[in-house]
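Naming follows writing order (A, B, C, D and E), and every chain is counted from residue 1.
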Amino acid sequence: MTLDPQLILDSLPLIAQGLGITLKLLFYSSLFGIALAVITLLMRISGRWYLSWPAQAYIYFFRGTPILVQIFIIYYGLPQFGFIRNSILWPILREPFTCCVIALGLNSGAYVSEILRGGVLGVDKGLTEAGKALGLSSPQRFIYITAPIAIRLSLPAYSNEFISTLKATALASTVTLMDVTGVARTLVSQTYAPYEIFIAAAILYLAFAWISYVALAWLEARASRYVKKGN
Amino acid sequence: MADLAAWGDDFLLGTLVVLKVFVVALIMAVIFGLIGAAARLSRNRIVSGLAKVYVVTFRGAPEIIILLIFYFGIAVSLTALVQYFDPATKFVDIPPFWAGSTAIGLIVGAYMTETFRGAFLGIDHGQVESAYALGLSKFQTFFHVRVPQMWRLALPNFGNHMLSIMKDTALISVIGLEEITFVAQMATSVTRQPFTMYMTVALIYLAITTLITFGVAALEKYANRHLRGAR
Amino acid sequence: MSGTQPVIVLDRVCKNFGAFRALTNVSLSVSKGEKLVVCGPSGSGKSTMIRCINRLEEHDGGRIIVNGHELTKDSRNIDAVRREVGMVFQNFNLFPHLTVIKNLMLAPRLVRHKNKDEARAVAMKYLERVRIPNQADKYPSQLSGGQQQRVAIARALCMNPEIMLFDEPTSALDPEMIAEVLDVMTDLAREGMTMVCVTHEMGFARSVADKIVFMDAGEIVEAATPEAFFTKPQTERARQFLSQILAH
Amino acid sequence: MSGTQPVIVLDRVCKNFGAFRALTNVSLSVSKGEKLVVCGPSGSGKSTMIRCINRLEEHDGGRIIVNGHELTKDSRNIDAVRREVGMVFQNFNLFPHLTVIKNLMLAPRLVRHKNKDEARAVAMKYLERVRIPNQADKYPSQLSGGQQQRVAIARALCMNPEIMLFDEPTSALDPEMIAEVLDVMTDLAREGMTMVCVTHEMGFARSVADKIVFMDAGEIVEAATPEAFFTKPQTERARQFLSQILAH
Amino acid sequence: ETLRVGMECTYFPFNYRTPEGEMAGYDVDVAKGVAKIIGADLDYVCQKWDGMVPALLANKFDIIVASMSITEERLKKMDFSVPYRVSIGRFLGPKGKDLKLFDEAGKPVPANFDGLRIGVERGSTYSSWINAKLPGATLQVYDGNEPMLLDLANGRVDLAITNPMKAYLDFLSKPDGAGFEFVSPPIDEKEFFGIGVGIGVRKGQDELLKRINGALETMIKDGSLKEYSLKYFPFAINPDNWQGVGTN
């Protein structure tokens, strides 16, 4: 019983069948996460306690608990209540895919919100003052000055978070989704060759993480054009 | 709630398991992190290359896949290895506790590697030179000048890694260690109250992560005491 | 060149930061076209005073009237004042993510609702005035400090302000660059712009200022013409300060 | 006050950084009690030379002999030299995690194996000498730059060095603080310490130095008494340099 | 001698844990009975279903007593004891919908399964059967039986296929399952469901297997197995006298 490299190669195309779901999960939950992050960021910097407190509570809960447990609460936990099964949300919560997107998005939103806040705090106060002195309104200052700079400052941390979300999609297999990990686990249950098949899955994830990393580094370099001395 | 009460002692035992895994994984992560950082900073290309591969792999592959590879695979490899020396051996086994703790330790150790490396490089080289100029040996400089400053720089990230370890313990339920997420699964199969059970798990985690956060904040305050009242 | 109608009036202005009193009963009036230079030791409240004039800080007591608008919590007055007052900071504060020309066009487009072509034409006009029209498409980080500060001055001028405030515009610059920026400021002064300028460049003050105000510990200690101030300062504190500054 | 027996000898010292030659055949000798000031334009190799003297850089050619020990790869010699040579850096380089007194006590305890009380007594003695005994329990970050540099001098003195090296000790300081530090250095010079000092403070050089060495492009271009150097520099390069320095 | 027994620990009423922390269920009773006869102690290891066989092969435990059917597929990798209970599957669905899933002869009508979502356990015999017989159905794969029944009750899947004895006791006879019924005859095609449920051991453990088989035969003969099944079900489920539960 040792490692069979041929089996790793053979199982790669089989496992890759789950790539579609993994990528879809990643795409939708990242989008959802960013949207949530922006909303909670605005709530937090609004200066109004009744907006800022719920945002902080949300961030606190989702950063303080394991993502697996969050998935279980949303997928298995919520239907414990009849009113949820009878509500108009049920068609959404009924689907494991959307449940996963919701859980992953809520989780990533909490982290991204903190990342963006770090970016906003990193914008030199002098720049907003210059905006004020030029007569720009507060929304104008946020949109044209603070936001673009904060986004650039947030990109390195965001690329880490993006890869975390990619890795977290692997937990979708625990709620019936046939993503890369789900397919791999099913294959294992048929072939009884966990070592080779999980290594093949890991290779697939690593390759995709690497591609994401390179893409985000490129984006970062593009967004940072203006920082470099070009003379 | 009555159902929950019946499972109270199981949750308590599960919490103890979580804490045990946490402590063991933390110790391992620090060890792997220090070794990794030393290797990354090594002038030997092969050593630093290997360390880099370690970091990329364990940060890029999903935790659950690594855990499964460890649980199923390492025993197989170890057995083959040991049989090579001692053909009489039938099996070498790694119980889920050790497989899980080691996997988490290795995963978070990869993150710690980068943190420690950054902290090491973050110390102003002038500090080291002035220690040499005062006649301190390399060894004395390391322990009296570098380390005391290093841990202050590493601490904020280190706190985040501790939280990651804590939350990763939930994954061990997938390989059947009876920690709180697994207790909740067992309890759900009897009580049919998934929300109650998983929410309990979430709140236990939230309590522990809150404690860790406060602990790290206190440590940070202590480590930064020399910057208080700085001008 | 100084007129008579006052465009900036400070009347017993006070400003606290928590328990710390940064300005105490500062009274001042600047007429149209007048050039006022403010000097004083570090921490004496010069920046605080100048920042109160376009309400980057809110004063706690007294009154500030700029071009007929009194500065109160009323945001319409604040907007009106900011539209008429340009400001140049010590650290330039150019928007790093925008090219030079876009830095100059941003406020005219958003605040004055100019269209792209108008805004660009105005921007190019002022870039020529500060003598760097050929840097229009660079990013601020690609310019020298002196060039950056000249862009900052042009950016303020693009809003066609009645009044310009300068807060130590040359103190972050290397000696060669100081001259570039002072030249541009001297030009502006000659053209009759109303200016309030915090600076320690005493040569500039002597040749350009109509009045010099010396502050210490949040108060105006002396206000005099440059000749009077440099040749026979009235207070011991001013004498000390001058001897230090000129010793360099 | 300068003796005759040489305590530092550099003999045709060369130093390369990769392909770049930072020092070329630098020869120099400093007698006991002598005060040597090194000046020259930026990048001329002043720091590199002074850092070679206590082997923070390894020289590639020539010989360096300090207090009778030749600097080679032999670490015993290096340790001996470092114990006898104190160094003060431009950026102070105090240990930020230790209080002032602990900064001073660290090396005597670890290197000279003094016990706590002895080390503390010595530390307090030198803190008084640099006139800040009352700052003993503060952290470096709570001190002004001038105070920090004086602590750095005291820290070096605590090891009882025969020789002190200074690498632009005042160039990171504000004008008022420069005076504090130069005062302490002048005291030290009066007491007969052997000093090698990279500085552009020409007033200090004139009043304290026994000899001035002018470097350019990794070579010693002139070595002369202060009078000779300031009144009739021999080379065009030195003349240029002096005119720039003194113009400020 | 201690035997480590792999089971799911969440497969009520075959193997599960009580809130008191005791292991209980039919499988557990069988395991205990065997252990008693062969004179071994038991250690329970809880393992998710999809990893059951790999875990056995990786020596996570010595035997599987987890309601595992003896199939051709599995026999390639491991050995089984004689069956200790029957192995069949049966579909569950909402009451009162005549979906015409099976014809008179008890054969499935694949067309009528099209578009239906069917819950199965990962790596179970049932999933192999559906894959072979009902290509048009959508499979939803669970890590355990319990979440699958939860989702059937919640309406996330239209049908679920599982062990009818378990379904009857754990679901249909409880309030949760009130709206559900068996919607198929029992399916027991040997090709997929095997000849029954047995105790799994690694290949090459012939000695152990022989002892286990001996114990099981004794227990069938002396009626212990029947006694165990009557503890949980109103009928016997051991191979000796299978009565066909739920044939309505």
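By our rule, a residue touches a chain if its C-beta (ideal position, glycine included) is under 8 Å from a C-beta of that chain, and two chains touch if they have at least 3 such contacts.
The structure displayed is predicted, hence computed values, not measured ones.
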Intersection of the contact lists for chain A and chain C: none
Count of contact steps on the shortest path from chain B to chain C: 2
Dominant interface by contact count, named by its two chains: A-B
Interchain centroid distance [CA atoms averaged], chain D/chain E, Å: 84
Distance from chain B to chain A - Cα centre to Cα centre, in angstrom: 22
Centroid spacing, where centroids are CA-atom means, of chain A and chain D in whole angstrom: 55
Per-residue overlap in chain C, given as positions that touch at least 2 other chains: none
Contacts with 2+ other chains: residues of chain E: 51, 54, 58, 147, 150
Multi-chain contact residues (two or more partners), chain B: 68, 72-73, 76, 79, 174, 188, 192, 194
Chain A residues touching chain B - in the complex, by the definition given at the top: 1-3, 60-61, 63-70, 72-73, 76-81, 163, 166-171, 173-174, 181, 184-185, 194-195, 198-199, 201-202, 205-206, 209-210, 213
Residue ranges of chain A touching chain E (in the complex, touch as defined): 1, 76, 79, 85, 94-96, 174-176, 178, 182, 185-186, 188-190, 192-194
Residue numbers on chain A that touch chain C, as the complex places them: 124, 126-127, 129-130, 132-137, 140, 144-145, 148-149, 152, 225-231
Chain B-facing residues of chain D, complex: 54, 56, 79, 82-83, 85-87, 89, 91, 93-99, 106-107, 110-111, 139-144, 152, 155-156, 159
Of chain B, residues touching chain A in the complex: 56-57, 59-66, 68-69, 72-73, 76-77, 79-80, 163, 167-171, 173-174, 181, 184, 188, 192-199, 201-202, 205-206, 209-210, 213
